[in-house]
Structures are given as C-alpha cells and as structure tokens.
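Below are structures written as structure tokens.
Two complexes come next, and they have one chain in common, subunit A, joined by subunit B in the first and subunit C in the second.
And then the complex of A and B:
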C-alpha cells in the first residue's frame, strides 16, 4: 500500500487498465480510452467542491487500490446465504469478476425466453447491437472522476435486456461479493427495459470479511415507453470499505421507475442517483434508507430532472444515525421550462440517536416552469417524547419504546420492498441494529 | 409620471430622478491612497484608518465569490468612485437651512420629514448619498440615553463604543464585499440603546444613492444593551441610471441579555429597465449577534428592487434561549435576479429560530432562496422551523430553493418545508364570480401569500409594502 495524493494518486489507480483486452464493441474501446483521458485530466474531489462539501474522502486517497489479480475460489456454500428464495436468475461477481459457477442464468431454466441476463464480455453480437446505444451513454463522466474510473475499467458487468411487452415475474438478483482487502472493484450494470415490459432488479453489495476495499459502481437503467422497473439496491459492504456508486436512469413516455436504496455498510459511502424524466407522463418513486453507526458516513445525492410536462416524482429518504456517524443528503429536483404540470414531492427525515451523530441535508428545488406542484421538506430530530410516553402508558419500558419507534422509523422504507425474503432479512437487520439495552 | 396609466410593469421607475446638487466626489479607483483620502476627508482617528487598511489588505487577497445563482458582468472596482458627499459649507442647525433642492427630493419620494416625524413619531436619520445631513428627534432620544446618529459622527462623539463593537459581528475578512465595505465605508447609522431602555419610537433611515457611478458603502451598527428594545426601519429608493451601481453595505446588530432588536427593510432600488439594462447591484452583509441570554433578533425584509439582490441577513444565536427570526418577501420581475435567504447559527442552549420566506418571480427573473440552519454540538434543545414558498408568474422565470441544514446535536429539532405554486385559474375564477377583476384578484392573492411577512412589518411599512407589490406585479398575470 503506497501513500500518494493528487493526480499521481489517480494515475496509480489506472495501473493495470492497459492490460484489459480489447472489446469487440468498438464504442466500448473508445469509451474506455476517453475515460482514461478524463481520469488523467481530473483530480480527486475535496471538501472544497460543493458536491463533496460534507463528505471528506481523503481517507480513501491515502490508500492505493488495484483491481483483483488472483480471484478468490468461492464455493456455492460460501455465498449461499446471500441467495434470495424467490430469485432463480442470479449473476454473481466476486471482487468485480464474473463467477459463472455461482450464477444461474435465465437460459438454464427456460430456453425460449427472449429476456437476456448476462455478463457483458459474453454478450452476443445481437445483444451488443441493443447495448451499444446505451452503454456509457447515460452516465456522464466528464466531471465525475469516479464514473470515469469505472468506465476506464469497463470490461465485465451485468446486463439485462427485457424485450417489448415481456413481464419478468421473478426478481433478477445481481450479487457483488467482496472478499479481499485493498482491492478496487468496478462493477457495472446495464438494464434496458423495452416498451411495456416489467422487471424487478436487486443490486446487492455484500462482503465476506471486514476488510478495507473500494467498490466503485456505475449502473445505467433505460426505460422505454410504458416500461415498469423496480430497482432495489442494498449496500451492505464491510464497515471498513469505501463504496462509491453512480446510477443513471432514463425514463421514456409513461414509464414508471420505482427505486429503494438501503445503505447499511461501508466506512464512507456515496450514492449518486440521477433520474431523467425524459418524456411526458413518466413517473418515479425514489426511496432511501441509511442506517449507520460508529464512524460511518453515508452520503446520498439524488437529482430528479423533470424535462417534459405531466411527470410525477415522489421521494422519501430517511437516515438513522447512531454513535458518531454522519449522514449526508442532497436531493435536487429540477423542473425545466417545458415541464409544465409537474407534480413533485420530496421528503427527507433524519433521526439522530446520539449527541455525536451528525446530519447535513440540502433538499434543493430548481424550478423554471410556472404551472407545477412542487414541495419538499426536511426534518432532523430525535424520537418524539409524546410517542414514547404513549407507548410507556401502554406498559412498554422506556428502552423498548425507543427501540420500537426507531425500528418503525426505518421499517417504513423496508416495507416498500416488493421481495418478501429480502424484506424479512432487512427487517431483521434493522431490528438488530436498532436494539439497545 | 404620465406613464402611470400604462401597464405598471412597463412603467418607468417612479423614483428615477437625479437631484442636481454639487457633489464632492473622489477620483475613481481604489488603492491605499483612496482609503487615506476617505479617512482624511472624514477626519477619522488613526485606529479607524488602520481598520480600513487592514480590511483592504484582506480584500486584495480575496476572490470574488462565485457560488451564488446570479449572473452579471464582472465589476471593475477601479471604475468606481469611493467617496461622494453633497457639498455643504457649514454645519446645519435646523431643517430650514437644509438645501431646498434636497428637501424637494425627499418630498418627491414621499418622505416629508417633519410631517413624518410629527405624525408618525419617527426620527429620520436621513442619509443622502454618504453624509448624514439632517437628524430629527435626536435630542428627545438623547434624553433617555439613546445614541442615534451617523456612524461618522459616532466615531467622534463615542469612539469607545464604535471601537468596541465595529467589526465584531462581521469581521473585516468575513467575505469579499464585507472586506470591501470595511475598507471604504463612508457613512451609515449608529444606534446605541443603553441598559433597560425601551426605545419609544421606531428609528428609521432612508438610504439613497444619488451621484452617478458612486458605489455606496453603508455601515450600520446597532447595539442593544441588557433589557433594551429597539425597532429599526430602513427604506431604500434610488434614481434611475443606466450604468450598474454597486451597493455593498454591512449591518451589524448586537443584542445583550434580554435585549430585543427588530430590523425591518423595504428595498426598492432601481431594478433596470424591462430589458435588464441598468439597475443596482445589491451585495449586502447583514448579521445579528444574539450575544446575551434570552436576547432576540428579528429581520423582516421586503425586497422588490435592485437588478441583483444578494443578501443573507443572519442571526448568530450565542446566548442561551436566544431567538432569531427571519421574515422575507422577495419579488423579482423582468430580468431581476435575487439570491437571498438567511443563516441561523445555533450555538447557545434552547435557542429558537423561525424562517418564513416568500419568493415571487415574474417575467424573466430568477429568484432563489438560499438558507443555512446550523445546529452546533453545544446547542442542546435548539429548535428551528423554516418555510419557503415560491410563486411563479409566467414560464420564463425561475424559483430555486437551496436550504442547507447541518445538525450536530441530537436534542435539536429542525423542520424545513418548501412549496412552489402558481396563481390558479380556479382562484381567479372564484374572484371573477364575485365581480373582482383579474388585476385586483392577483393583487389580493399575492398579499395573502405574503401576509405572514407583512404582519411583521411596522404599520407604515406594511402599507408601503402592499402598494409596492401591487405596483411591481400588476400586468404580469392574465
């Protein structure tokens, strides 16, 4: 592990990039080359940058991380407990590398389905034709050094193509497992939902050991007319790890995007979610929960961009902050001049459990159209004494009442998860984390 | 003003006239010599000159802030004259000796001093450009120990007070424009309310930019000692000019134990014409320090003028149980830009703050609320409530909200809510049903929208503000 700073630090991260094999997709090679150029031109953000004002990532820049060299030999039994009972379609990546023996592909179950769930480097030429217009198209990396780094290492990744009017009944599980320390992994996801299709995708980040590593992910989700996508994102990395994620979603006419993201792990995590409501009648629901303790920092930046009339967006983001943890939320709602009849609401609620816990929140509205309904709200506080009193009057002890209320605060988001087994799992996690004696 | 019949949005600036009084103007440009010149002209003591020079050194090292949501051409600080005073040969003893031309100007503005003073019981410390020319009711106030005079006078008569408090709330290096003001401020008001005194009347001052190309750098300092109470009004109008004028004022308020300061502003400076040409750049630093226990600082502002408004009246709630309030109405039309809001810094225990901000944008204007609520780890039991509402008129304008909330104490409770809306067809229809025309209906809706803030204004201002809003926005709906 070497200590480096500034541009030389970024260069050190690029080591090994040149050894990536060229892709058959010309666009992908060009994209990587551009990204390498951008990484060289950019610098690591500091707290002097408005977008990173409350998130000091300097601990990250003191450590140099490289992509994995020797892949961990994992058995199904090692990771089985992460599998979902509902999901038969599963892609597993270990430290960023595709693990076919742990994955179950759709084609294993039914040969005739036209749905594609596969690894990027195994894409057929037909799939490539579908992927090409979208891959790297929605995530802008000109000014985003982390997205640029991810794109520079773009090689493997999950891609899902749901053709027109197909409804995928079972959730698709994308499982990213971290096993080794001082490793940088660059997971990539691309979901293309054809017009009138429906799909539920779980993006799941887990670790086998408490190690220091970096996960830098980029996800792109494209919805054609009338498509419905449920996107669930669970980040339960090691408490020593760094997790930087960028997700870009683009919605066509009357499509619907519902997302729930839960951040539990990582020493420093940052999630950028950009939702582009690109055509009339599109709807999105963006919910989030950060449940953090000790010295964790969880930063969520969302941008919901209304560009056309009659779009709707709903957002509820909650943070439960324990010990000396620090939660950051920056939620921007943009209403462009054309976007008349926008209906948008945003709410950010924060619960501070200790006197050392810290919250920085900035719900932000930028409105350029007049016939719109936009509201946002933010609250920071502790448990309501009257609510505690009510429960005590019903015979609960002070501590039980507090635990119950804290749990209920987080459960509001967890309850919205449409996958029963995952919901149950997370409910247990939240229950454990919110129990104090 | 024959254009009054026309659409009032297109009406020329009502207060746009230049009083032809000989002005004593310093040459354009800013350097140490300019500062020494101002200091010499004003016959200032050594410590104040040092204060200015130190601020100037700070300013040289600073960069113009770029974070705000406003666009304007770079200001050439060397093209501004930093000192302009109406020439008066001798000290004036009574109102009769005031230049009749000057008095006519105030009359045109609707500020008959004597009348206002007598009827409304208001002492007006009139600031004409940079030098205070007439002060009424001073003796009456002096009887109960209140010092109310121009700051340049206070420097001579009460140097110990000015020295003790100047720059303590807004330090010289606080921000780019505050540093500039500290270096070149020419005049402003000074107000000191001694222990236990409740000021019997609203103190008021009219600011007016008169000489073309002379940026105004006002400095206001208000100190309320233990148990003292004061309400201060500031009203602004400026004549019409085509070149942009810079106004970088600094206002400092200090409230000791149980003191209460209420600061109200109606700002109606020249906003530029309908194409966005001309207008005042209003870059103001206003900050109150609630230093003592149970002290209270309240800001109320109605911002209707200026091409660019960039101000954040703030409260530093240092004393335990201190209270900060901010009530604001910001109206922008044509190409006006406003980036305004407040900062509530909670330091003491059980401190409370309330923010009510109403933004109205019409035409091609940009109206942003930018606010900060910071709860320090020491501020146990702190409480904040913020509400920011925006009203958009037309689809060329924009309304933005940038609230920063930083909480480091878990016993604090912070709430923020914001909404954006327009005047609905159904609302107008409801009025029409009852025989009320569109113009009048809009005026009533807007006044209802701003009611929470207008209620905080002193009586005279509330009337003026209501008229001002109607004038600003008539014709932009329908």
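And then the complex of A and C:
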C-alpha cells in the first residue's frame, strides 16, 4: 500500500482520539500512539490496491463517523432477545462502550473461577501481565489502516483468559450492539487460551436499528500448546452499515482452532482472518458463510499460514448471493519451507441466485515445501438441475425444491455451529432469506 | 401378478424422445396394469434409463412423438412433481446427494406432500419419526441415516435402500426402479428385493430396469421386455430373462418390435 501523508478523511476519523484517558498499561499507551502515527501515515485503500481490488469502500469515505458521545440507555429487555440460552457469561458493548448492567461476568457466577472474562479497562495488574505480551502483538497495523484505527482507539474491549487445563463448559458470548447512526465503534477482543484449555467464544455483531454506522473490529486469539478454541463469529449488522474486521489467530503445538464466520448484514463488510500455525501438529478448521442480497457486498480474506511440519488446515467457505449483491473471497494458504507433511484443503463454493449477483473468488496456494498434501478449489454456479429434479420427482414443487436447496447450501455451514440455540436462530434466518414465493 | 380385470395404469404408444438433438427413444410401446411387475432389460445405451427419466419428466429430454397415458391422463400435461403426486415414483440409478438437507426433513416433506394428495393428515416430526423407523426396519436401515444429509456419503447400497425407503413412504401406484440392483452386494440385493416385494400389491405396479437376471430371482416379473436402440424388441414372461442370461443380448438382436404385453 503506497503511503500518502495527511489523508484528511482519516484525520477526521481520529477526532476524539486525543480525549481518551491514559491507560495504566504503559504498553497500551505506546501502542495507541504508534497506531495514531500509522493512521497519519497511511491512506484509505482503493480498488487500485490489490487487496481491495473487488471491494470499493469509497461509499464509506463519503460519510463522517465519530465515536459515540451519548451512550444509549438500553435496558435488558431491549437486548435480551440476543442472549444465548446456553450462556450466562456475556460481555455486552453498546456502540463500542462496555455495558456492565447488560453483561454478566464469570466472577458474578463463580467466585473461585480462575477464568477471566472481563472488560479491558477493568483488568487487574495480574491480568495485565498476561495480556501485555499479546495485546496488539498478533494483528499488525503497519500497513493496515483499519487495524491501526482500531488500535488508536483501543481502551475498552473484551478479554478472556483461560488458564491451563481449564475447560470452560458454557460458550462465552461477546455481544456488540449498534444503536446509533454515524457512529464509529472500535470493538476489540483478546482471547488467551492456556495450554490444554478448551473454550467456545461467540463474537456477535448486531444492530437495533437500520442505520448507517461503522464497526471496525480487531480480535486476537492465542492458543498455547494443546488448547482448543471454538470461535463463532456472526456479523448481522444493519444493512446500511459498514463492517471492517481483522482477526489474527496464533496456534502453538498441537492446538486446535475451529472457526465459523457468518456474514449476513452490512452494506459493505470485510473480514480479514489470519491464522498462523506456528508449531507442529496444530490444526485449524476455518469455515464461512456469506448470505447477502440487494446491493450488499461481503468480502472475506483469509490467510492460513503453515510454518511448521505436521499441521492441518481445513476450509470451506460458501456464499449465497441474491439480487445485485457481490461476494468476494480471497483465500490464501501459505506452506513455508519448514512445513513438511502439511495437510491442507480449501474449498470455496458460491451460489448465484440471479443474473446480477456477482462473486469474485481467488483461492491462492503458495507452497514452498515438497512433501505436502494440499487441495483447493472454487465453484461458482446456480442450483443444480439434477438436485431440483430429484426433489420434484418426490412431489416437491419447483419453488419448494429451489428454496430447500438454497437453504441447504447455507445450512451445511450453519449445521457446524456447536451452540444449539444459535444454530436454530440462524437456521430460521437462513430459511427466511432463502424462501421465495 | 397378472389380474385379468386390472385397470391400465400406464399406456405408452410410439414414444420417441431426443436428448441434445440425438434420438434415443424410437417408438416404445408398453402397457402396464395394476398388480403387474414388468422388467425392462437391455444393454448399456439401449435407452432403458432414458425411458425411465422421460416418464418421470426429466427436462433434459424432448418428446418428439407418441403418447403416454398415466391413470387416464396425458402424462405430458403433468409437471414432474404432479406426476409424483399422481403416484409415479422413480427410483434413481444414481440417487442425488443433497448436502445440508437432513434425510428425515426431506422424507417428511415428501411424505406430507403425498398425504395431502391422499386427503390424509400430515404428520408432525414425532409422528413421522415413528413411521419412518418402522419402514426402515423393512430395509434393515440404521436409523442413524435419518440425521444425515440426503444420500451424502452413503454407500451405493445405502443410497438404493434410501430410494426404496422413499418408495415405502410415498406408496406410489407405479414405481419405476432404475437399476436399483446395481452396486449392491448379494445380501443387499436380497434385502432391497424383499422390501420391494412387500410393497407390491394388487393396486400398484412396478417396472424394474436392470441389466441382470439376479434381481429377478427375488422379484419375479410377470413380463420381461428387452430394449435395444430405443425400442422394445422382445417381450415375454419371466423365462425370457433366463434365456437372456444364457444366450446374451445378441440373441434378440434384429428381431422385430414386440407386441406382447401391449
């Protein structure tokens, strides 16, 4: 990305940043200052940048967004329909601001739990010592203006620490609620899974109104040896909103990261997921679904980086594109010279429901080791006529058959979500969006 | 079983069909009455599967001549789903895999469509579960197949059993089973054939399409027809299948289009 100093739009976004109070964590203050410097040095990407070739974010730059000034006074009754039946461990952020009265921390439930689920600004000095080596360490913002912006505004956020050999039974729900127009929020998540620990985290972006706003998120997930993390990410922002997200995951020896990301909302959304298989025997499963219509654009960029031998990666990314919507998938699999015996597969399947729907897909395999097993492929198509005929031959009407197959296309990903109530909820959403009459 | 007073279910006269401009069916005549079991045999490419798909209404084929009357109606006036609802069933040679659609969801959807057609009550998931498990016993199918996606990662034999399970649930008047025996081991052939036999009754009819005699050891046909180059070139009783097994298909080549059973 070329550098132009003094992008006036970025300057306008930085307004209010200087009013953030200093953090007791010296590293965090330095991080913020560095990030401000980077924002000042970078410019907004355009479609002339390779990484943004298919995603024109110029509509974003035509609007002005500021961090929230007056926090919406939400009650539990306003938002409880977003709560999970399975989970009481919940951190809620409203327009980027932590809402303790809507949240339940683990300490509220069990006094002696060693697991930490908390807001960043409430971190104890002990927590800070654990956080410090990781916060801002995994998502680099040197060349990433959105990650730099998020980091410049870093003061609140969700952090989770699961100590070694602890298995957290209930999913942890991180709920980010947008309520106001022209607001920029900068959600931040950090998950540190100790060796041999197990945890399921739901990162959930929702809105109460169909407004125009920007959600710019950064999540960092660190897995120590043998840790298992299930990461579910649901983006159901307002259809007028902009959603830009960066997530970086680092896997130590024999750890396992399983992620499912679902993009339903936003006018324009972009999700960058970088998974670093940093030591032997690490495994990841990275699945995704974009279900979009009207003039939505959903862009998913993933990079799975095999750096050491005997690591496994599995990826299935699907897009259902209706009306004049536009899906983008860019999936890079990197196999470095050291990463012998890599076992990797990637599949991107796209269903275009109209002649105006569009998908740009770019699977990328870069292999520098010689004894590896890698498979990848991408398909773009309409519904399969043989499948439709099969269903019709069983008495289902053309429209019922088409609806069922469209639903099924998405359900293959939804079915993999390990939280029953969420799965059911999303099944209903997919059902509604795929049923035409 | 042949009953003299049976009603005619299917009457095919001079049926011609093409696929991508190539003529595949070249004047088929066939009459099927309720209670009967017909076997259609023939070499690869003789048009057997095309005939089955044309009857079921597959869009890849164009009808270029002839008539088909099913239960007194012009078959070609009916869309594929209407043929199914009128009681026609095609057991696919290669059942389609549908990832993401649970088998039980699919079976119940199809079953309830048939129930509406029969003016009977639709079943809720619990009621249906009882019914389908009962039917699965007939085919020695593991109930585990209910929770899996339709045919996905099923073995060849499991897919064919799933076809017959659908037949058992839909209770069709005319079942066309397209090479239901292919890809099955001896035990599976016996189980599937046994299932079909239990479903056969006075009011329905079965057309078995097969290469081999072995399925006919278990499902005894009333008529055997031999197809070649898009026509039925010979028809006879069950003994014809044995003769074919002994002499090969060359034995019937060049004979005139048959009139038996028409």
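Rule of thumb we're sticking to: the second predicted complex is superposed on the first by the 431 of 437 C-alpha atoms of A that agree within 3 Å, B and C clash if a C-alpha of one lies under 4 Å from a C-alpha of the other, contacts with A are read in each partner's own complex, and residues count from 1 in each chain.
We take it that a contact is a pair of C-beta atoms (placed from the backbone, for glycine too) under 8 Å apart; a residue touches a chain by one contact, two chains touch by 3 or more.
Fair warning: this is a prediction, and the values are worked out from it, not measured in the lab.
Peer 1: Answer with clash or fit: subunit B and subunit C placed together on subunit A by superposition.
Peer 2: fit
Peer 1: Check whether A:386 is in contact with subunit B, with subunit C, with both or with neither, and answer first, second, both or neither.
Peer 2: A:386 sits against subunit C, while subunit B stays out of touch.
Peer 1: In the superposed arrangement, which partner chain does A:113 touch: subunit B (first), subunit C (second), both, or neither?
Peer 2: neither
Peer 1: Contacts for A:404 in the overlay, against subunit B (first) and subunit C (second): which applies, first, second, both or neither?
Peer 2: In the superposed model, A:404 contacts subunit C only, not subunit B.
Peer 1: Is A:29 touching anything from subunit B or subunit C once the two structures are fitted on A? First, second, both or neither.
Peer 2: In the superposition, A:29 touches no partner, neither subunit B nor subunit C.
Peer 1: In the combined three-chain superposition, what is the angle centred on subunit A between subunit B and subunit C, taking C-alpha centres, to the nearest 10 degrees?
Peer 2: 70
Peer 1: Going by the contact rule set out at the top, does A:412 touch subunit B (first), subunit C (second), both, or neither?
Peer 2: Only subunit C; A:412 stays clear of subunit B.
Peer 1: Between subunit B and subunit C, whom does A:372 touch in the aligned arrangement: first, second, both, or neither?
Peer 2: first
Peer 1: Now for A:394: first (subunit B), second (subunit C), both, or neither, which partner does it touch?
Peer 2: It touches subunit C, and subunit B stays clear.
Peer 1: Could you let me know whether more residues of subunit A are touched by subunit B or by subunit C?
Peer 2: After superposing on chain A, more of subunit A is contacted by B.
Peer 1: Pick out the closest CA atoms of subunit B and subunit C after fitting on chain A and give their distance in Å.
Peer 2: Between subunit B and subunit C, the minimum C-alpha distance equals 14 Å.
Peer 1: Where on subunit B does subunit A make contact in their complex?
Peer 2: 67, 375, 377, 390, 392-422
Peer 1: Along subunit C, where are the residues that touch subunit A in the complex?
Peer 2: By the definition above, subunit C touches subunit A via 56-59, 79-81, 83-85, 89-90, 92, 95-96, 98-101, 106, 109-110, 113-114, 117, 149, 166, 170.
Peer 1: Give every residue of subunit A touching subunit C within the complex, in rising order.
Peer 2: Residues in contact with subunit C: 384-387, 389-398, 400-401, 404-405, 407-412, 415.
Peer 1: In their complex, what parts of subunit A are in touch with subunit B?
Peer 2: Those residues of subunit A that touch subunit B are 50, 54, 337, 340, 350, 352-382.
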